[in-house]
Amino acid sequence: MLRIAICGGSGYTGGELLRILSGHPLITITTVTSERSAGKSVTDLFPNLHQYSNLTYELLRPGNILDKADMFFMALPHGESQEVVDFFFRKGKKVIDLSADYRLKDPKIYQQWYKVEHKFQKLLRRAVYGLPELYRKKLSETNLVANPGCYPTGAILGLYPSVKNKLIDITSIVIDSKSGTSGAGRKADIAFSYCEVNEGFKAYSVSTHRHTPEIEQELSLIAGKNIKVNFTPHLAPFDRGLLSTIYARLTKSIDTKRVLEVYKKEYINEPSIKILEEGRFPNVKNVRGTNYCEIGLAVNKRTNTLIVVTAIDNLMKGASGAAVQNMNIMMGFDEKTALDTAGLFP
Amino acid sequence: MLRIAICGGSGYTGGELLRILSGHPLITITTVTSERSAGKSVTDLFPNLHQYSNLTYELLRPGNILDKADMFFMALPHGESQEVVDFFFRKGKKVIDLSADYRLKDPKIYQQWYKVEHKFQKLLRRAVYGLPELYRKKLSETNLVANPGCYPTGAILGLYPSVKNKLIDITSIVIDSKSGTSGAGRKADIAFSYCEVNEGFKAYSVSTHRHTPEIEQELSLIAGKNIKVNFTPHLAPFDRGLLSTIYARLTKSIDTKRVLEVYKKEYINEPSIKILEEGRFPNVKNVRGTNYCEIGLAVNKRTNTLIVVTAIDNLMKGASGAAVQNMNIMMGFDEKTALDTAGLFP
Amino acid sequence: MLRIAICGGSGYTGGELLRILSGHPLITITTVTSERSAGKSVTDLFPNLHQYSNLTYELLRPGNILDKADMFFMALPHGESQEVVDFFFRKGKKVIDLSADYRLKDPKIYQQWYKVEHKFQKLLRRAVYGLPELYRKKLSETNLVANPGCYPTGAILGLYPSVKNKLIDITSIVIDSKSGTSGAGRKADIAFSYCEVNEGFKAYSVSTHRHTPEIEQELSLIAGKNIKVNFTPHLAPFDRGLLSTIYARLTKSIDTKRVLEVYKKEYINEPSIKILEEGRFPNVKNVRGTNYCEIGLAVNKRTNTLIVVTAIDNLMKGASGAAVQNMNIMMGFDEKTALDTAGLFP
Amino acid sequence: MLRIAICGGSGYTGGELLRILSGHPLITITTVTSERSAGKSVTDLFPNLHQYSNLTYELLRPGNILDKADMFFMALPHGESQEVVDFFFRKGKKVIDLSADYRLKDPKIYQQWYKVEHKFQKLLRRAVYGLPELYRKKLSETNLVANPGCYPTGAILGLYPSVKNKLIDITSIVIDSKSGTSGAGRKADIAFSYCEVNEGFKAYSVSTHRHTPEIEQELSLIAGKNIKVNFTPHLAPFDRGLLSTIYARLTKSIDTKRVLEVYKKEYINEPSIKILEEGRFPNVKNVRGTNYCEIGLAVNKRTNTLIVVTAIDNLMKGASGAAVQNMNIMMGFDEKTALDTAGLFP
């Protein structure tokens, strides 16, 4: 049994890790930390997780928990992960960091967008970006995974085949994303209270969201050229789900059927990708509680534009599901273990 | 492998059966019927159920499907189940009927509340009411289960220990229930369209709901006396979940702690029952996607009244989860098979 | 023009007062206070209220604002109102207190439920409980109104005709109430964040809610006898609205039609009461944004029980709408001024 | 008093007309028609509209109602309006058509998108497109207004100043719109039932929505050049509101502040337009129940792209509110009459 520690386990991504892992036959959770909730049981904070009534939150003291686990999931706020990740990695542990701290390869860009200096640049170079569809082999060989952000996951998976196959004008990309409110985390904030969010819908961080450089980094690596994108996130009144509507001008005349073929070929063996038939488009409700990314697309002949729509569950493929998928790959487990469940509908 | 047929598989309870059974290792689904959707695949109607893309709805022709399955789940409208259930039962098949047709022992009461004559009264006497907490042994020996209604499940489980132990005045029972909208089924009806239900809340069928005699039948059997209850259902703006707040005058002076002990003792080995600690009360959000019934309670000393609150997922413990639990019992499988999943939160 | 000050104008009830009063032709708002938001404009906190972009929150310094207004609305937290209300009242101002501080006639009961001593008991005796349906004449003659709580409004209006006309056994009253989340106020609290409330439903403060003594006080005054009630509030996933389902055993045989006649007669001239026809029941969606209380009822002949259902908008008839109604009565304005708008549906 | 008939008054736009007009001091509603609900009272279908309990739906027999009104609002399905509009117009009546039948100037384009021939092309040329911000003078002189679609209103108002002032590359326009579910109308359809829409979010009619040519027609008229746009509508889980996020490449280097000045200047006297300060963006919740269009914008310097976000209430400025605004202009009433209410928040 692989022994697992979850650092920062009182928020929604931590809770989702606990939920998924409760169905994983090859692991055991030995440790879960929370600065705010130390001393409480997991079931106190997550009444849906009855099976963890005897698992108690402790304070994150890296030295104290080092020997209790082999695999460390880090679900800490951005900036707070850097040092702890380095500690566990240097001690020979496997680490999956769900924060943004090891995602951006260029420490200057990290500092520019996150307003924090990166103090572990050597380690930064060794981290593998946790998108199996792009880096499966590297993930199987690394001890440190930088788990992607939710928005980048939906955007990159929607654009990867088009960029790789040079179908689109890379200067024309628009990514319009709509996220469920769990994406904002579990926190006391009037802006995310029920009556402010319910029956509302708004754009936020227009052109300034921190996931922008992450999207651009990966698309640029695929293209072999520097890509800048227009990315607008929106806050939507549902719990889970992230829909991205992506627009890019086509570089040549091509029809929907042919583009679908390119996508199907590119993702043919991907267990998390579902390409929808022509005329069908994703709905966040169809992927709720699953690790799938649904992809639908259409060519607009009138404007010579490709429109790709992707839907994920932001807590699953957008965070904790992806983290477990990455763990499975790192450990040589069947990649779908604990992730092959049907979505909850309605 | 147990071969399963689902008759009436295009509605929410049918879809939920398919979802649960996709995680059951000892069965295989061979047949699913739908009058409206014959020819379509399950995935067409339930995009969340990717695994059934090759399973196609057919028309319900009992003779045609008889040899294809050993166990028949009936998710047909009330009144339409009677005859088909009889057919499969006579042919030696096991049947779990999710409709109301075999729940009420007295055919006169059935006719009075459902406005349909019961033509299979002999079979009616052999049906076992599918609440394992009351009838586990009988369920393990029958070929015909009448799966309980969602409201009766929440109400009876909340009252059983009190009635059995004569804690309450059985003439004083009030059951105030709030159901998620999936309880109304999957149908084209303006009254259940999004904009009519959302941001609304209402009582309906006040004192006239068809689940009333079902609640009364079972409580009366427990008490050994005729019980009449006040039962008011409400339509609530969420997908899944059924919360019942139950009031009854206490027959003697007793405190919350002691009543909790009675409930814990009564349900000590029940895999689907969760008794909450004093001061805690259920939330439908905690049981979403699970087969649990959460129970919380308090004694109001000022009025000498017991207040019990129960929460279930109306599609799980309130319908399809209970049906699978009953199948597991009938077949001698571990009762929790395919039902032991953590709830989806948030 | 009546000059108005709103003390505590940054929460939902304060905002609702500002919204209603924006349509009142006989008043002008001169002052609005907020301890947290002093210096900001009303429009900053309520983007829906464009017309107040030049009205700026100030700190509540009673001496400073005394001369700026004739009528003071107090939307302060319980316990914080006591002294300020006394100050303005002694200076000859008219005061409507939306807190609980002047609602309970017995200071011992106030202290028992609110854990605060009442230091202005003399003034307490002069406050009029702001339910026009019971106290219209007194309201027209007072300078101090204790505006009712939302739950008491729905409960008392539903029970008043029955208790007054001795239709029901006053020892058997059950009040099961479901409130929209705005009833919890505008605050940073994880328990009221979107993802905790959405798709959830729960009972809270079972048998211990502070509105209980307020309901009992008024019902006891109507009955001329001491009444204790079972009252359970629930938190529901919608913004506005409060539905109460009320149960009481009938003292004699009487049918629905006859009870409806009693209610219609009792409320014949009430501008805020809508009695629904037999067979119809209230929906919170029908009264959203209005000052109406919808009342529907039925007699359950099988149990000899009366079931009354009431629906109000908790921010309107349950708080700020009632406050404006009371102001209109105190000032001799047409009682419906600024309150006679159609509900927003859907 | 202006006598008004509403043809097709049982749907959401008809109900909204009735709601708005209940606060209009210069009109009286004499007639309301519905094919499905003839014989019922308005209050039967809209319990929020208590004031219309004596107004009864009748069948639409143009000859019968001709003499009962001076102004006819047509809230009929597309295709069904053509002939009736022609009838009332020829009889010298004023007509505001809320359907699409008289919006598209080119009957070929109408036929191409709506699959219906236009049989009243002469009248089509006389209809004025009901966007006061573009056509106020013409609206004050016409007897026939083609009331705009909801999506075109949000899109055109967001783009008008940019296109007119040649700020943007008109070949690069992307309009990503999110509509509340009331935009689908009041109908019995599983796809719009509560459990299908709630907790979901999807794109639909990708590149094929019928509002596309309407947007293109008006933008082309502003530009004096043929414009094609990428337009994607989405179905969102809230009742009311329509948010459009619009992207277009800038033709020159210009900053957010300067673009805001252009917008403010262009809309300086517009009673329905609210330009938000730099850094602020619209929320559908802020305009609920109002006739405002909120506009926020930002220049993305990194991609040289303008992002404009607009929010309207789809039933108000997107339909019935605009219709009343147009009526006020046609009749010489103050344009804001019955429309100057504060939004309902929360």
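Order as written gives the chain letters A, B, C and D; numbering starts at 1 within each chain.
To be clear about the criterion, a residue touches a chain if its C-beta (ideal position, glycine included) is under 8 Å from a C-beta of that chain, and two chains touch if they have at least 3 such contacts.
None of the values given here were measured: they were computed from a predicted structure.
Student: Report which of C-D and A-D is connected by more C-beta pairs in contact.
Tutor: A-D
Student: Cα centroid separation between subunit A and subunit D, in whole Å?
Tutor: Here the centre of subunit D sits 38 Å away from the centre of subunit A.
Student: How many angstrom lie between the centres of subunit B and subunit D, each centre taken as the mean Cα position?
Tutor: 46
Student: Compute the distance, rounded to whole Å, between the mean C-alpha positions of subunit C and subunit D.
Tutor: 37
Student: Mind pulling the residue numbers of subunit D that touch at least two other chains?
Tutor: 12, 182, 195-196, 198-199, 237-240, 283, 285, 288, 346
Student: Counting only chain pairs that touch, give me the topology of the graph as line, ring, star, complete or other.
Tutor: Graph shape here is complete: every pair of chains touches.
Student: Over in the complex, which subunit A residues touch subunit B? Could you list them?
Tutor: Result: residues 12, 15, 18-19, 22-23, 46-51, 182, 199, 239-240, 274, 283, 285-290, 292, 294, 341-346 of subunit A touch subunit B.
Student: Hey, which residues of subunit B end up touching subunit D in the complex?
Tutor: The touching residues are 12, 181-182, 186-190, 192-199, 237-239.
Student: List the residues on subunit B that touch subunit C in their complex, please.
Tutor: 172, 174, 176, 178, 195-196, 198-204, 206-207, 228-230, 232, 234, 236-241, 243, 245, 247, 281-285, 288, 296, 298-300, 302-303, 305, 307, 309, 311, 346
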